[in-house]
Each structure stands twice: as C-alpha cells, then as structure tokens.
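What follows is a pair of complexes built around chain A, which joins chain B in one and chain C in the other.
Right after this comes the complex of A and B.
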C-alpha cells in the first residue's frame, strides 16, 4: 500500500516536469526576489551603518535562505478545492486509499521537484551571486535540516486547514491570500524577527508562523543558543501536532458533509 | 445469501431554501431554512452473484443516488445495504477494493495524466498481480481499442475515448461487482454498441456481477437479464425484460388523425389514452379486436385523414408506465 503513495508522489513529480517553462521561471523568480530584497536592505544599511548589531552578510544570508525555503515550500493551494468543485473528490473516495495521505504524497512529490529543479539551481546561483554564508557549524546544519522539515510540516498542516475549508466555502482564494499575507509578515520570511519590537517578538513566538521560516533560518545562522534549539524544535513539533489535530477534526466534518449531502 | 442486499433504503437530501430579493438573501444567511428532498424512498432488492441488472428510470428518479450509496460514497438516511457482507459506507476502503465503478459524467481517471499512467497507479492502489495486470491490459486494449490514445492525457480525450478508458480502469483489478452509472450517456450509436458488447463479454467471461443505470432502454435489452424500473424514488418493476414484453406485447396503439374535430367514441375493447387537436390515441389488444374494425367504426362518424398503428417497444411501455398510462397489474411477475 505504501507503494501506491510513493507512486502518487512520483506522478506528481512528473506532472510538475511537464510544465517546463514553469521551472525556469521558478528559478529566475527566486533569484530576482533575493536580489530585490537584498538591494532594499542594503539601502537601509547604507543609511544607518549597522542595524541591531547584525552584520550585513548575515542578513543577506538570511534573505537568501528565506527565499530558497519559500521556493521549496510552494504547494498546490487549490488541489482539494478543484476536486470539491468539480465533484472529483468522490472519485478519490471510490478508491481504496486514504484521501489525506494521498494529498500529502502528492504535495511531497511537488516538494521533491522543487528541491531538485528549483531550489538547488537557485542555491548554486546564490552562492556565487549573493555570497551565501556556510552554516554556522555542521551540528547547526543538521539541526537546521530537522527544523526546516518541521517548518514544512507546520506550513503543510496550516495550509490543509484552508484547503479543507473549501468543502464549505467552495472558493478559497481570499482565504489563501490572507493566509499567505499572514505567513509573509508573521513568520520572519521578509523581516527577520530581530528587527521587530521586543514585545512583538514574544507574541510572534506564540504563533505557528515563526516555526515556518524564522526558527530554521536562525538555527542555520547560529543565532539560537544551543540550549534553546531543542525548545525551538519542540515548539515546531507541537505546532505540527496541534494543526494536524485541528485538520483531523475539520476533515472528519468535511467527509461527513460529503457523504450526507452528496458530492 | 445474495451478493447485494438492499432493504428499505431511504435517502433524503437537505435542500437550502433560498428566498427572493435582498432581504430574503440576508434572512436565508442568518436563519437558513431547509427542505427535505426524498430522492430514494424505501427501495428493497437483492442481486445474486453473476447477475446483470439494469436500473432504469427517468431523470431524477434516484438512480445515481442509489448507486452512490451502494459504492459507499453516500450515507443512507435509513435502511440497510450489504455488499458481499460489508457495509459499503462504514467499510468504504474494504468495499472499494472489490468493486469497480464507472460514472458516465465523472471520470475516475487522473485528469492530467496519460491514460497508461492512471492504469499504472491503479495497479499499485489495488495491488494487482503483474500477470493479471498484463493480461487484462492487453485484453481491454484490444477490445476497447485503447492503443490509439493510451499515451494521451485524459483531458485531451473525446467523451467516447474517456468512457472506454474509464471502463478499462474500473475492471483492471478484476472486481467482483461493477457499478455503472449511465455508461453510454452522450455517446454515438457505434460507441454505445462497443461498450455494450464489452460489458456482456466481461460478464460472461469473468462472471462479474453488474448493476447499471441508464435511461436508454437498448442498453438494458442488450446487456441485462433483469431490470428494475424506478420512478420518483420508488421501485415500480423488478423482473425480466421478457416478462414485461410478453405481457404488453399484444397491445397496439392506433394514432388517428381526423379531418374535423371529433368527439370521443366508445368502442368496446378500445381504450382512449389521449386526444389532442384532431388526433386520438387508442389502445387495443390485437387478439380482441381488429384494427380494420376500429377504423370502420370511426369512419362511420368522421372522416379520417391519417392513421398509424404502433407496436409496443419496451421503451414505449416504460414511457407509458412513467406517465401513468399503463397500470402494471399483478399478473406481471415483477410488479411491486
């Protein structure tokens, strides 16, 4: 049975490759976004000299990592919604497979595609173009990998809530837009937390968004003291579990609605 | 024990009642009002292994609703269903493993993928042994002519090609039971014929039990040994195609067009079913009264400009049942 899910991931990977112009565009987009953001921060630095005692090259690495992760974390936001609207969810339910695992496998297939064909090329270009710093230490790099995976799972489970809501709303474009904006602003994807007011940082740490970008990147840069890393990872894991649990309840409601009201 | 047992099956849909105008829209938003629509109203039947059963009825009769409940994607409001000892709704995945489903209006194939890729996925989903997969694929390709488009993404296929690929997909894992919902809808005569042949072949070769819905009577005459007629959610006939034909096979309908407006005429043994403008529809039993005799009686009073005598096709009989024109009497074995 696991074999079937692996096949879903593989098919989703192949599906992505079909749109060839798409992956060139993805790489170019990442590079341009990094370039623009670095340019903006550079202008601010030239005005101020130094900001919060953080060297510019650290900030540049932060920006590069953030956009590389963003490139990696793009998911098909309307995969479920389209199925709900054209009624093909019931086709999936007619098969002896778990729907949620199927959606997850599909998303992981896309992740593999984005890793190999978008993030890696962008990463290599970034090393030359933007002088990306190497990880603080090998240990920190391993922590970073674990943290980045947890960050992905936090985002996936958060996204899943929005996707499943399409069983009630049918159109989730606005919800997705609001969610994207919230993630951009509150996760440290655009503005590192150290530039934010002290009181706000504490609040942001209480929200799930910090777990997506801020935590893994700060670990990479060695900005998190060793004894706080574990706390950070646990916080990410807890968010994965909490969001998964909420998603579970929503999914049960959605499938009940489907089998009672008909697709 | 029968393979499929359905007892007192009921499905009610909840319909949102929308009120007119802006204030109505706001009121509906605040206090939603519901109406219940009974799509399936206490249907019972059993199907034995190897049977081919046609579900026929007009649009909105409740055919699709019944099939959806049998396949486990719709929960019954009340009543019980067992398919091979399982409750399709409660044991959805287990049930899914042993059934095949084709919905005429909704493809089961993956939209973006070439047909062969869907087949390949299905091989893993149903854990089809390599030998069986190869054998089935070769056989279905041959019979349904899949070679021409097996590498084409599903979204580029014509309706007929999609249907053929869908049917092959539903059969790859050698399901015990096959459910079809309007498999020939929208297809031309040749494509329909090909599909009917294939269905009959599979039933004969593999002994697959089949239930399919249609509103095309030919589908049933060609492929089924039994038919169930449903209308407005209730079963009105359950028996063989031959039985219904035999009983009504002697009926004739005469359509007469008069030269002037004609009053209804009483002729013993002749029943007036309809009259419109200058036309009349008369039903008679060919063993009881001759057509020439009827014409004779009519010409005594009115001039006749045209007439035809129709033999009953099963389609016509069913149409009459829908319209309430024929009252099924208890002498027909299948009448409910």
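Right after this comes the complex of A and C.
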C-alpha cells in the first residue's frame, strides 16, 4: 500500500521537473529576494556603523534561511480545487486509496523536488554570496531539522484547510492569497520577531504562524535557550495536531457534501 | 485603421469597456474578494517597510513617509497599466490560445484591439487602492509644494511609468510570436525588478543601479520621479529626473517596431477554437 503513495510522490516530483524554466526561475527569485532584503538591512546597519558586528551577520543568516525555507515550503495550492471543479475528485474518491494521504504524498513529492532542485542550488549560491553563518552547534542543527519539518507540517495542515474549502467555494484564489499574506507577515518570514513592536510579539507567539518560520530559524541561530527548545517543538507539534483535527472535521463535511451533490 | 474616425473608435472603446465592466460585475462577490486579496498581498511590502522604519526611524536619510511616497509610484503606475494595457499583459496567452487570430481577421488596428479588448478592473482596484492610500498619507507630508508645475510633472511621470511597464510587457509579448513561452521569463524579470525598485536605488550596488537605469529601466518608474520631489541622494545625474516620459515614449516606440516585425512573421499556433 505504501508503494502506491511512493509512486504518487515520484509522479509529482517528475511533473515538477518537466518545467525546466520554472526551476531556474525559482532559484533566481529566491536569490533576488535574499539580495534585496540584505541590501536594505545593510543600508540600516551601515548607518549605525555596525556592519561588521555579530548582529548584522545573524540577521543576514536569518534572511537567507527564511527565504531558503520559503522556496522549500511552496505547495501546489490548487491541486484539490482543480479536482473539485472538473469533477475528477469523485473518481479519486472511488479508488482504493486514502484521498488525504494521496494529496500529502503528492505534496511531499513536490517537497523533494524543491529540496533538490530549488533549495540546494539557492543554498550553495547563498553560501558564496551572503556569508551564511554555520548553525550554532550540531545539536542545534538537529533540533533545527526537526523544527523545520514540524514547521512544514503546520503549514501543510493550515493550507489543507483552505484547500478543502474549495468544496464549498470552488474558487479559492482570494483565500489562498490572503492566507499567504497572513503567513508572510505573522510568521517572521520577512521580518524577525525581535524587530516587531513589543506588544505584538506575545500575540504572535500564540498564533500558529510563528511555528512555520520563526521557531526553526531562531533555533538554528542559537537564540532559543536549550530548556525552551522543547517547549517550542511541543508548541509546533500541538499546532500540527490541532490543525489536522480541524482539517479532519472539514474533510468529513466536504466528502459528505460531495455525496449529497451527487458528484 | 484609416477608415475609422476618431469618434467611432472612441465609441467602440467605450463599448469594449462596458463589456469588460459587465464581465467584472457578473461575479461581484468573487471579484471583490480577489481585489481584496490583491490588496492584502501588495500591502505586505508596505507593512514590512513600515515595521522596519518604526524601529529604525530612517535609513540613509530616508524617512518613512518618503519611502512610502517612493513606493506609491509603483502601485499607481501598475494600476494604470492594468487599467489601460491589460491586453498587452495577457498577450502571451492570446497568442497561445489562438485568440489572436480572431483579431487579425477584423478590420481594425491590432494594437487598438489588444488594448481596448481587455481591462482588468479587479487588479486596477487592488493595486490602485494601495497606491492611493500611500499617496494620500505621504504626498502632503514630505514637503512637496503641489503647484501646477509639480502636479504636471507628477502626472507625466505617472504616465511615463505606466508606459515603461507596458513596453516591458510588450517586449516579452514580441517573443511569443516566435513560439517561445515567455510568461515565466517575463514574470521573473518584471516582478524582480519591481521588488528591487521598492527601495531607493542608492541602497544597492552599482551593478544593480546600472541594470535598473539602462537595461530594465524601472528606476524611471519610481526612483527618479520621487527623487525629483524629495532630492535625497546626490549621486545620480540630474537629467535622469526629467527623463521618465522620454524613456517611456522611446522604449514603447522601439518595442512597437519590433512587435510589428513580429506580427508580420506570425504564423498561428493553430489552437484557435473559433
């Protein structure tokens, strides 16, 4: 049974590879975004006269890591929507596979593609161009990997809620776009939490978005004290579970709706 | 095109716009949500800029209002661009779907048809609202005297910036005649240049500055017009400040010639369903 899902992942990997110009574009986009952001922070720190300081190097590493994770975290947002609109979802449901596992393995296939052909080239370029700091320690790096995977799962389960809503709305471009905007602003993807207004930081920590970018990157940089790392990871895991549970309920409703509609 | 009077062309243009408006109003809720979504997406950059400057107050002498004023040009000119030239933006698709063949059979100027056939009201509103919000909040607090010369300059700069962006899109449209799918390449060049242009040109290394002046002249869309009003950095040639409309007109003219060449060598993709 697992073989079927592996095949789905492989298929999705191959689908991605077909568009060669897409993956060159993906790498260049990432590099340009990193470049623009670092140029801005450079201008700020140059004015303060601390371009050589640790602070700037940490910030530059933060920016690079954030955009590398962003290239990795791109998913096919309209996979379910397209199936709902053209009706193929009903034949997918008839197949002896779990639909949600099918969607997940498809997404993981994309992840593998993005890891190998988007993130790695961008990472290698970044090491030469932007003086990426090494992880704080080997242990921190391992924690970072776990945290990044959890972050991916938080984002996946959050996305899934939007995707399933296509059973009701049919077009989800606006929902997806607004969700993306929220993730970008509230997760620390574009601006680290420590630069946010102080009143906001506590609220941001309570939301699921922090788990996606801020937590893994801060662990990599050694900014989270060792005894708080576990709390951070648990918080991420709880969000994965909560969002998964909500997704489960929505999915039940959606599949029931499809039956009522008669496919 | 000679057989049609200016008047009849105007009437036709109005009818086209009317059709586009009806199309947009057909799905009121969906279109308003899309406009809202575009607004949110475009506001990300604004909010990030705002948060950074809330903390650091100024970057290389640029204060928050000045930065946002610089940024507002991008949104207003892009909004005008999708209002007036959405047909050029979607030209790629028109060639690939074979819709372009339909235009060829009609007794009207091609560029006229392309421009008038499509208006993207949704994107116009999404980008336009960001632009207007930024403009209203900054234009009267950065020390600009809005006399008639400055106002005229502003309007010309905005039109110039709109035409520069139209030219860049038309350039990529040219390549689609030779059966190359250019959408990705175009988005790559256009939107990355736009991202870079969001912040003052003087923040970047010389190589990037040259690129945005001479190759993809995005600096004329927002940096030099803003510089005319604000006079922040002294490191660029004064003349650039007045060149936006000239760059726009010249670029459009050159690209238009290339485009005409393309039309002549055009062979259909054979996709047309009509």
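Remarks
Keep in mind that, in the parts below, the second predicted complex is superposed on the first by the 256 of 263 C-alpha atoms of A that agree within 3 Å, B and C clash if a C-alpha of one lies under 4 Å from a C-alpha of the other, contacts with A are read in each partner's own complex, and residues count from 1 in each chain.
Simple rule for what comes next: a contact is a pair of C-beta atoms (placed from the backbone, for glycine too) under 8 Å apart; a residue touches a chain by one contact, two chains touch by 3 or more.
These numbers come from a predicted model, not from an experiment.
Following the overlay on chain A, a side-by-side fit with no clash is recorded for the pair chain B and chain C. Applying the stated contact rule after C-alpha superposition, one finds that A:4 touches chain B and leaves chain C untouched. In the superposed pair of complexes, A:93 makes contact with chain B only, with no contact to chain C. When the two complexes are overlaid on their common chain A, residue A:178 makes contact with chain C while staying clear of chain B. Residue contacts after overlaying the shared chain place A:124 against neither chain B nor chain C. In the superposition on chain A, A:195 contacts chain C only, with no contact to chain B. The superposed arrangement places chain B and chain C with a least CA-CA distance of 11 Å. Comparing which residues of chain A touch chain B with which touch chain C, the overlap is empty. For chain C in complex with chain A, the touching residues are 30, 33-34, 36-38, 40-41, 43-44, 47-48, 51-52, 54-56, 58-60, 181, 184-185, 187-188, 192, 195-196, 198-199, 203-205, 208. Chain contact summary for the complex, chain B toward chain A: residues 13-14, 65, 68, 71-75, 89, 92-94, 96-97, 101, 103, 106-108, 110-113, 117, 120-121, 124-127. Of all residues in chain A, only 19, 21-22, 25, 28-29, 32-33, 36, 39-40, 42-44, 46-47, 171, 173-178, 180-181, 184-185, 190-191, 195-197 touch chain C in the complex they form. By the touch criterion given at the top, residues 1, 3-4, 7-8, 11, 14-15, 18, 86-88, 90-91, 93-98, 258-263 of chain A touch chain B in their complex.
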